[in-house]
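Paired with chain B in one complex and with chain C in the other, chain A is shared by the two complexes that follow.
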Partner chain A sequence: MEQIVVPKKHNLRRNLTILLVAALIIGSARFAGFSIVGTLSGILRGGRLLGRMFLSPAWSYAPRVVDPLVETIRMSVVGTFIGALVAFPVAVLAAENFIRKPLISRPLRFILNIFRTIPAMVLASLFVAVFGTGAFSGVLALAIFTFGLISKLTFESIEAIDYGQVEALMSLGANQINVLRYAIVPQILPQFLSYTLYGFEVNVRAAAVLGYVGAGGIGQVFEQNLSFRRFDRVGVIIILTFFVVLAIDFVSSAIRRRLV
Partner chain B sequence: MIRFTDVSKVYPNGVRALTDINLTVEEGEFLAIIGLSGAGKSTLLRLINRLIDTTSGAVEVDGMMVNRATGRQLREARRKIGMIFQGFNIVKRMSVLSNVLSGRVAYHPTWRTVLGLFPEPDKQIAYRALQRVDILEKVHARASELSGGQQQRVAIARALAQEPRVMLADEPVASLDPITTVQVMDYLRQINVEDGITTVANLHHVDLALKYATRVVGIRAGRIVYDVPIKGLDRPQFFRDMEQVYGRPIHHDEVLGEA
Partner chain C sequence: MEHTGPISVEKPFDIYRTLYRIVNYGGLIAIILWGFAGIEYKGIMQTARGTVEALLRGFVRPDVAYLTTMTIDGLPYAVLETIAIAVAGTFTSGILAIPFALLASQNIVGPHVSKVGKFIVTAIRSFPELILALIFISIVGPGAPAGVLALGIHSIGMLGKLFSESIESMDMGVKEALESCGASPFEVLFRAVIPQVSPELISYTLYRFEINMRAAATLGLVGAGGIGAPLIFAIRTRVWPRAAIIVIVLVVTVTVIDAVSGRIRKRLV
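Right, the complex of A and B next:
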């Protein structure tokens, strides 16, 4: 069969891109003080540390990890719950297909976008500075973080509903609250619950490290043991946290799959 | 029962959907509206319960100026006007009963309906409505489990639960097969005849108009170009008239056949 000859695609743009990306990587590595030797010795040191954490973890310490772990989960539950509760009405107001008041929805969406860009860790440090260390600051950080996440996902769901059902309710004399109750909530409830569970999963992971800035939970214990260089205990904490997070993720995503 | 006086509708994007509509529908009539796609049939229907606003002119339903009603007044006017749609528009994630009961929301304070606390007489109204369209046995089924024809019957039951004076139907059978089409149209006629509910239906199939309506109105490019009572009209004459409304011979798919 005859060979088909296609003119070569000229690669100037691609080559320039590669060059630029390479320059950026090398440039930032130098800026960050990256060195191969330093990295290698770091890896060695890290390996020794990992050995101390996981080769002989202090299992006797495990019972004392339970309480802070439970506290972490509790923080996540409360934070998720409050965040989701506030997120729902705000999402309804932010959706542009229902209330249809751009003077409300536009600024609201803008604020929600800002909320979502602040990491939970930053919020937590802020609240620790304001309200002091402890679970309260952590819960507040998680609630606001969850609020940002869920409200955005939910108003997008509301905007994607079948509007025919809304019109049908309006046509029979329903007011807006009735429309919400009978045409919108039934359509988005499964998604909303799913987002809430997802928020919970994210929160459990976030809550596990929040303690690092003093916002309660397992992270706080982790940080203390690390500062005392009790790597055997740190190992126990990491292992238990890992399995708890894994179990919660597993259960929660199983439920979510059945929801939608 | 329904009166359009010099009604025009221009959509915000500048599309002129209706021009100088004058139309009176008497109580108990079964009015079929026919016309090409885009002629303005849905627009006309949706002005009757003010799902859209008139640009000029007046729309009066059962003595009320619907085009000026707002808020509570509008909701009370709408309560008397049932509407069914091509896409059924029942709430798929609710039970059949909840769907039909939602037809009663305008009769009760919001707090009650939000909690789903409908009084027993309302439930009886809902059951009876379901019985009218022979689907009472599905009362506890989830609406999404029903076939298209069954969903449209639930939609009719929801409209019946409103205890309406007027029934609007926007291409109610366009998504249904010929057999369920006849069923659904039979129910609409039965309700029209037995309850005296004034009915206005947009129909795609011209022979359905001939079979079910008492009067046919043809719309072309936003104007009423045809308005004839069915009584005494013979079939060949009717089809010749339809070609005027459509500006071309009737297409194969615009006749259901053996209806």
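Right, the complex of A and C next:
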């Protein structure tokens, strides 16, 4: 039987790219002290530790996990609410098709980009240093993080609206407030709410670990038990957090599907 | 026709609609109030004002000397280490995600197995990377390898989902053509499936790399190597000029990598 041979183009640029990427990956792996043997043994030993966490979790510890978990959800609710509240007017100002003042929108976009590049954990560690440990610092970090996320998504939505409605209102002599109220808000409100819910989902996940740097919620309890190497309790915390996050994701994405 | 005064649209009154709204908005407000009620506000610490001032002074005059320290304790080393963790972690997960994606794709393994595969991928995705990092730190000790392992495992969740979506939406004709020629499953995989989806796969992997850059910066806060480690140290010891330069460099690095990676992705797909 004859074999089908597909002639391949040997092009220099493609080969050079592959070589470069390979060098980057190998270089990175060596730099980070990473090896395949190390990974495999790490995964195997990780499996054993996971066994200690999940095969015999200390279920009697569960009642003491409830309060911090509730605090985590509360932190996410408040953080999302504050972030979304500030994000809306800022998104309107940052959109280039409505206000049309580059002097406002350009610097705003620049600042928003900076906010979005700072991870929530870094914000939380800064706030813990300034305001002390506790949920308040966590809420502030979540609010700023959500603000960056939602305002970017929202100003992109505003720029993508059907502009005919705006023009129709303007031709009737409506002022900018009326245009905003009757042409822009109705068009983007479902998307904005959907982004807010998405931000809430992200925040619940983030809030669950913020406590590790002292910013309140379940992460603080997690950190204490981990430092005492109480892996059976850590297992309980992880399992309960996992199901809370999953339940919130489920409800929130069900609402989001109905919104948009 | 002359029309002054506000624009108004007459809406017929609908009792169900009104009730529906009251329940929705009322519920929303109740949830928000419930949230606020639980946040303990201890009052801003006496020292907060001084700390904020010191912090801002740090941002005005950051520790530039730290940026040019070329030793292992310098900032350039920490930045390189962060990028290395992100690259190695993303690459590991990119490879590991392919079998998971195949297992989750309906057109490869059938509807029943794919449900199991999808569940596994979702479970991996919901497991926070920070907790993975802490687990690996207690196994391999603090440092970059723990970070690589954490990112490598966690990213399988998102990449596996995205990969399986692009496999499910591929053109099945090529696969069927090869199968009708008597190709083995491996030949089908490497000659029909992978070549078709590889631009999308690479694009998704690059996107995950952008996310992992931020994650790698965070992982250092708990001791998994990278730029987060000197940052948390500077914050704890309140050396604000140093904390400021680290945050500035982090923002610049992430922005540059986002821009480069985004440009490559646009050319790929």
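Assume the second predicted complex is superposed on the first by the 243 of 260 C-alpha atoms of A that agree within 3 Å, B and C clash if a C-alpha of one lies under 4 Å from a C-alpha of the other, contacts with A are read in each partner's own complex, and residues count from 1 in each chain.
One rule holds for everything that comes next: contacts are C-beta pairs under 8 Å (C-beta built on N, C-alpha and C of every residue); 3 or more make two chains touch, one makes a residue touch a chain.
Keep in mind the model is a prediction, meaning the values are calculated, not measured.
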Could you tell me if A:Tyr182 is touching chain B, chain C, both of them or neither one (first, second, both, neither)?
-> both
Please indicate which partner A:Leu126 is in contact with in the superposed arrangement: first for chain B, second for chain C, both, or neither.
-> second
Chain B versus chain C as contact partner of A:Ile248, first or second or both or neither = neither
In the overlay, answer first, second, both or neither for which of chain B and chain C A:Leu172 touches.
-> both
Check whether chain B or chain C contacts more residues of chain A in the superposed model.
-> C
Touch check for A:Glu71: first (chain B), second (chain C), both, or neither?
-> second
State whether A:Gly164 touches chain B only (first), chain C only (second), both chains, or neither.
-> first
In the superposed arrangement, does A:Ala135 touch chain B (first), chain C (second), both or neither?
-> second
Which residues form the common part of the chain A surface touched by chain B and by chain C?
-> 169, 172, 174, 178, 182
Where on chain C is chain A touching in the complex?
-> 3, 6-7, 31-32, 34-42, 44-45, 48, 51-52, 55, 80-81, 83-85, 87-88, 91-92, 126-128, 130-131, 134-136, 138-140, 143-145, 147-149, 152-153, 214-215, 217-218, 221-222, 225, 228, 231-232, 235-236, 238, 243, 247, 250-251, 254-255, 258
Tell me, which parts of chain A touch chain B in their complex?
-> 162, 164-165, 167-175, 177-178, 181-183, 186-187, 189-190
Parts of chain B lying in touch with chain A, wherever the complex brings them together | 49, 51, 75-79, 81-83, 85, 87, 89-94, 98, 102-103, 105-106, 110, 113-114, 155, 158-159, 162, 168
Where on chain A is chain C touching in the complex?
-> 24-25, 27-29, 31-34, 38-39, 42-43, 45-46, 49-50, 70-71, 73-78, 81, 113-114, 117-119, 121-122, 125-126, 129-132, 134-136, 139, 169, 172, 174, 178, 182, 205, 208-209, 212-213, 222, 226, 229, 238, 242, 245-246, 249
